[in-house]
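In the two complexes that follow, subunit A is the common piece, with subunit B as its partner first and subunit C second.
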Partner chain A sequence: MSPIPPSADPAAPPRAGLLDTRHHVETPEGIDLILRPAGLLPRSLAYGIDLLIRGGLMLLMFFLLIWLGRFGMGLGLILTFLMTWWYMVLFEVLAQGRSPGKRFMGLRVVHDDGTPVGWSASLVRNLLRVVDMLPFGYTLGILSCLANPTFKRLGDLAAGTLVVYRDEEPQVPALPEAPAQRAPFSLSRDEQNAVMGFAERHASLSAARRTELASLLAEPLEVPAEQAEARLNGIARGLVDPL
Partner chain B sequence: MKQSQFEARHRDAWAAFTVQLEALEKSKADAEASTRFAADYRQLCQQLALAETRGYGSHLVERLQGLAMRAHQQFYRHRSHLAADLLGFLLAGFPRLVREQWRSVALASLLFYGSLLLMGGLVYVFPDLVYSVMDPAQVASMESMYDPDARRIGPLSERGSGDDWMMFGHYIMNNIGIAFQTFAGGLLFGLGSLFFLLFNGITIGAVAGHLSEIGYTETFWSFVIGHGAFELTAITFAGAAGLQLGWALLAPGRLPRAEALRRAASESVKLVAGVIVMLLIAAFIEAYWSSIALSATWLKYLIGGGLWLLVGAYFLLVGRSPHAPD
Partner chain C sequence: MRLTDAAVAIRPRNAWEAMDLGVLLARRHAGLLTASWALMTLPVFVLLSLLLWQQPGWAMFCFWLLKPAFDRLPLHILSRSLFGDTPRLRDALRALPGLLKPQLLASLTWRRLSLTRSFDLPVLQLEGLAGKARSQRLTVLGFGESRPASLLTVIGAHVEWALWAGLTALLFLLLPQQVKTDMDWQKLLDLAADENRWLWVEHLSNALYALLLIVWEPVYVACGFTLYLNRRTRLEAWDIELVFRRLRQRLTGVAYLLVLGGCLLLAPLPRPALADDAHSCPIPAEALQPTSKRLTHQALTSDAAHQAIEGLLGEPPFSNTQTVTRWRFGNEEEAEEAGDPAAINGFFEALRKLMLLGKHLEGLAVALKVLLWATLIGLLALLLWRYREWWFAFARRLGRPWPARTASEPPTLMFGLDVAPESLPDDVAAEVERLWPSHPREALGLLYRALLSRLLHRFQLPLKSAHTEGEVLALQRGLDDAELDAFARLLTGHWQNLAYGHRSPPDALRAQLCEGWRALERRGDTA
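Coming up: the complex of A and B.
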C-alpha cells in the first residue's frame, strides 16, 4: 500500500480551518472509525424522553403497589432506587449503549476508543450525573458539554465515554450516464475525490449550479465551459468503470 | 482495479457480512456462522483501507466505514460474566482494593470517625450543643424512636413485622443514595465528599452523644451496633472513592487532568461497587435484626461486636494468597 500523503492523514482533520465535529479513532485493525458526537440538544431530548418514560413507569408502579400496603411501599422504594440510579446503567450496558430515549434519538454511548460501553464506565458516568446537575438544571453538565469539542459532560469526562450518533447506511447514488473518459492529466487523490463527489451529488444540485461549478474547471480540462460538466461526468465514470 | 470491478468482486461478501451483522446485533447469530466473523471483519478492514488509498468514491468508502463501525461494535462487544466477576471481587478483589488504597480509606475514616467522636463527646458533655446541629423536632422524633419502652426500636418504632420490608426498601434507597452522592461529590475537587463525610459524622455523632446522655444508651447502641459495621465502613469507603476523584483533579502528577481523572474514576468505581454490596447487607441487618427489641441486649452486643470483627478481618485478611480468586 502506498504511503498516505500527509495532507490526507485521516487522523488529523483533513484541512485546517474546516469545521468538523467528527471524531477519528484509530483501531488495532489499522482503520479509522469515524464517530459523530451528539451535541447538547439531541442529548437533552433523549434525556427528556427517558425522564418521561421513568415518570410514567413510576406512576403506574404507584397505582399497582398501593394495593399491597406496607410491603408494596418497601417494594416501591426499592424500585424507585433502581429507576433513579440503575435505569441508565442497565440499558446502556445491556442494550448496546442505548437507553430508550437514546434509541429514539438515534444515539448511543461508547467508550472513547469506540468500543461498546461497559459496567464500570457506565456506572461512573451515571453516578456523576448528580454533579452535572449542580447547582440546578444540569448547569455544570451543559457548560461542560458546550465547552468540550466532543460535547462531553463531566460524567463523560471522568468515565471516558462519548455519546455518538448511530449512523444510517448511506444511499448509494447512481453516477450520471456518460461515456467513460480519461482525464487529460493524472489526478491526485484529493482531485479524484472532488471529481467523484461532483458526479455522485449531481442529483442534489440544480443544473445551473452544476454548470457553474464545472465551468470553473473548463480551462484545465481543455473544453468549452458548457461541455465541462459532461467531461467531468465522463472522467468520473472513467474512474469507476474500466475504460 | 477500478471501483466498479472492486464493487462487483466483493458485493456478495459484503451482503453476506451485512446479514451476519444484523443477526449479531439482534443477538440471534448462531455459533457456527459466527466462527468466520473475525476473519471477515479483518477482510473488511483491509478492503476499507484499500478503498481509501485508491481514492474510490466517498459513498463506497462511507458504506464500508459504516460496516466496519458496526462490526467493530460487535467484535469488541462487552462480555458480561457478572456473577463470576462479582464472586471473584467479593472473595479477593474488594479487600485487596481496600488495602491497596489504604491512604484514601484512612483519610476518609479519620474525617468521618474523627468528626463523629468529637461531636459525640462534645454533645455528651454539653447537651445543648445537639440543637446547633438538629432542630428540636428532629431531636424529639429521634428520642421517641429509641424510647426504651417501645416494643420495636429504630425509625418507625411502632411498626409490626410487615413493616420491616418497607424499612428495608427505605434503607436501600436512602443509604445507597447517600453513598453515591458522597462518591460523586468528589468530582468537585473532593469538596463534596469532604462535606458528606463531615456532615454525616457530625450528625451521627450528635445523635449518639445526645441519646447516650439522656440515658437511652441500651436501645440506641444495641440498635446501631449490628448494621453499623457495614454501614459506617461503607460510608467511609464511598468517601475514600470520592476523595480519590478529587485528588486526581488537584494533583494529577504527570498526567493531564482529564486522563488522571479517568484513571482515578475507573479505579474508585470498583470501591463503589463494593460499597453497594455492603449497604445491601447493612440494610438487611438494619431492617430485620437491629429492629428487634430483645430483652437480652447482651446478645445484640455480642453479635454486633462479632460483625465488626468479621468486617475487620475480611478487609485485613481475605485475598492475601495470590490464588485466592481462582
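Coming up: the complex of A and C.
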C-alpha cells in the first residue's frame, strides 16, 4: 500500500528548486560537471576509520621505538608530528584526495570547481580542523556540515574544497531478450533514459510493478496493457542496437 | 501522493547519498522541525525533571526512552512537506495525538533498541502496517538497506555524544575565572560523587541533551525517511514512473486518474528479530566470604583483632598516602602493563638488555640531532637566499644604501639606443638644433639618448636594459626633481609619438626642448 493515496498525474514541467544532492559546476567550455558532495554521516565514518588507523599506527610505533632510547624518542616525536599534521594532507594530495578512510567510504576531496585538491587547499582545510574541533569533539564541524548545502565544514569553507563521492564505473546490465523495435514517437534524452532504465532494472522490479509501469504507456504505444512491457523492452533494445 | 509534486529530485541513489538528502530535507524545513520538536519535547523534559528531581539519571532515561514517540511528529511534517503540503506549526502539533496512537507501546519497549528504528518508522506510521504485514514489509524493504540504517543510528549516537561534549565544554569555557580558580578535576569528581548537593549539575547536563536533540533528532528522522524513500524508489522505480507519466501526458494530453496499486507481491519471508525482548539481568552471585568469624568466645574476637590491625595499618608508619595529580601519556600505562606478571623478571631483563642496546644508539641519536639541526639551518639559509631581493629592498627602505646594487654595471644599450656617454656629441643641444629640420627622428632620438645617459650616469638611476619608457619615467619621479620631471615627461611623450606613432613633433618644440636641456646641463654642471 502506498502511504498516501495516489492521484492523477497532470505531468507538470520539471520545477526549479527541487531538493537534490547533486552540485553542478559549469566549466568555461560550457560543460556541466556533476559533483555529489558527501554529507556528515559518511564523512564522520571515514574520519573514524582514519582515526583508528592512526591510533593503531601510533601504538605500534610506540612499542617499536621505546626500545631505541632517546633516538627512538626523537624519531617518535617527529613521526607523531607527521601523523598529526601531515597524514591527511599527504594522502589527499598524493592519493587523488583520498585518505584510507575516505577510500574505504568511496569519498575524495576536490576543489570547489572539481579540480584535484592542491597543497595549499589541503593544508588549510586540515589545519583548520583545530577550529572545527572547537569547543570539543568537532561540534562546530558537525553544525557547519549540517547547515551548509554542500556539507562543508569550516575548514572546507576556508580552503574552498568539497568532499564528494567518487564516481563508480558505470555498469551495463543485460537487457531482457526482445526483438528490436522503433519507438512510434520521438523520445527526449530523459525519456530514452527512462525506457532504458525500465529494461535494465527489470530484475529488481516485481512483475506486477513492471506491468503497472508499462501500462502507463500502453495507450500512446497503441498496444493492450499486457503487451506494453514487451513493447518497451523492444524499444529499449532498439535504442541500444539501432535498426 | 503525486510524484510530480515531489519537492526532491527522485532518483535512485546510494544509501549514503539518500541520507545526505535527508540532511538537506531537514535543513529546508529546519524552522518548522526544530520549533515543533522544542514545543513537544521541552515541556515533557521539564515535567520529567521536576517529577524525578532526586533521580536525574532516571529522568534522563525516561526522556531517552520516549524518543521514538517524539520522532513521529517530524516524520509527519516531512512526509507532508515532501509533496508540497507543508503543515503549519499549529496543525502539526494538533495532529500529534493521532500520530502517537498506533503501536506506541511496542515502539517504546521492545522495539526501542532497534538500530533501524528511523528506517522502520515510515512503514509503521505512513503505511499503517502492523503485525505480520509490517514485518514482511520490513523484510522486503530492509533487504540490503538495513546496514546503512543501523550505521545511521550508531553514528547518530556518536554525534549526540559529540554535541553534548561540545556544549559541556562550551559551558566550562564560559565559566568566569574567579569560579574556575578554586575548581579542579579532583573537586569535580567529588561533586559527581556527592549527588545530593549537585543535582542541578546533572539536570543541567540532561538539559543540554534535550537542547542538542532539537538540532539533531529531526535530521536523524529525516535521514531515516529518505533512506526509506530511496529504497522504495529503487524497488518501485519511482523515477521511471515519473518520466513515463510525463511522457504519457505529453503524448495524450489528457490527465488520467491512475491508481498506484498495491505494488509488490510480497514473499512471506521470515522476519529477522529486530529487537530481542529485554530480559532482566540475573542477580550477580553474592561474593563468597573469604573468612568466617572465629574466636567468638575469646576476649579478643577475630573481628576486634581484624579491626585493630586495620586501624594500625591505616596509621602513618604503614600507610603513607599521597595524592599526586599529573599529566602523562596514555600509552605509558599500557607499556607498563605489557609484561605478564609471571614473566615480569624476564621482561625486565630483556628491557635492560634493550636499554644497553639503546645506549649504543645514543650515537645514532646524536647523528640524527645533528642532521635535523643541519636541515633546519639549511632551510633557513635557503629561505634567506630565496627572498634576498626582498631583504635588499627592506634594507634600502631603512635608508641604508646597498653597495652591491649601485656597483652593478650600468647598461650601454636601452631600447636599442646607445646610451654610453662616449657616444654622445659634446654639445647635444647644438647637434639637435642642427638635425631637427632635416632629420627630426634622429634629433629627438639623440635628445632622448642624452636624457637616459644623464639619468644613468649623473643621477645614478639604477636603470636596466629591460625597463620601458614608462618605467624610466616612473623611476626618475623617485628623484623628486620637478624640473627634470617636467622635461623628461615632455621629451618622453614626444619621443614615443615619433618613434612608435610616426607623428612628427611641432617645430615650436625644438626651442623648448633645447632650452630645457641646456638648463638641465647647466644645473648639473654647477651642482
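Note that in this section the second predicted complex is superposed on the first by the 217 of 243 C-alpha atoms of A that agree within 3 Å, B and C clash if a C-alpha of one lies under 4 Å from a C-alpha of the other, contacts with A are read in each partner's own complex, and residues count from 1 in each chain.
Basically, a residue touches a chain if its C-beta (ideal position, glycine included) is under 8 Å from a C-beta of that chain, and two chains touch if they have at least 3 such contacts.
None of these values were measured; they are calculated from a predicted model.
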item	value
When subunit B and subunit C are modelled together on subunit A, clash or fit	clash
Which superposed partner A:D241 touches (first subunit B, second subunit C, both, neither)	first
Subunit B versus subunit C as contact partner of A:L128, first or second or both or neither	first
First, second, both or neither for A:S204, with subunit B first and subunit C second	second
Which superposed partner A:V172 touches (first subunit B, second subunit C, both, neither)	first
Touched partner set for A:A158, first subunit B, second subunit C, both or neither	first
A:S44 touches, of subunit B and subunit C: first, second, both or neither?	second
Touched partner set for A:R189, first subunit B, second subunit C, both or neither	first
Partner chain(s) touched by A:L217 [first = subunit B, second = subunit C, both, neither]	second
Subunit B versus subunit C as contact partner of A:L75, first or second or both or neither	both
Contacts on subunit A seen with subunit B and repeated with subunit C across the two complexes	1-2, 4, 10, 69-71, 74-75, 78, 134, 193, 197
Contacting residues of subunit A [partner subunit C, same complex]	1-12, 18-22, 36-42, 44-45, 48, 58-59, 62-63, 66-72, 74-75, 78, 105, 134-140, 142-143, 146-147, 149, 151, 165, 185, 187, 190-191, 193-194, 197-198, 201, 204-209, 212-213, 216-217, 219-220
Residue numbers on subunit C that touch subunit A, as the complex places them	1-9, 11, 13-14, 16-17, 19-21, 23-28, 79, 83, 122, 126-129, 151-152, 155, 158-159, 161-163, 165-170, 173, 215, 219, 223, 234-237, 239-241, 243-252, 255-265, 331, 334-335, 338, 354-355, 357-359, 361-362, 364-365, 368-369, 372
Touching residues (chain side subunit A, partner subunit B) in the complex	1-2, 4, 10, 27, 29-31, 33-35, 69-71, 73-78, 80-81, 84-85, 93-94, 96, 110, 114-121, 123-124, 127-131, 134, 154, 157-160, 167, 169-170, 172-173, 189, 192-193, 196-197, 200, 239-242
Complex contacts: residues of subunit B adjacent to subunit A	2-5, 25, 41-42, 45, 48-50, 52-53, 55-60, 62-63, 65-66, 68-69, 72-73, 76-78, 80, 82, 159, 162-163, 165-170, 172-173, 176-177, 180-181, 183-185, 187-188, 192, 245, 258, 261-262, 265-266, 269-270, 272-273
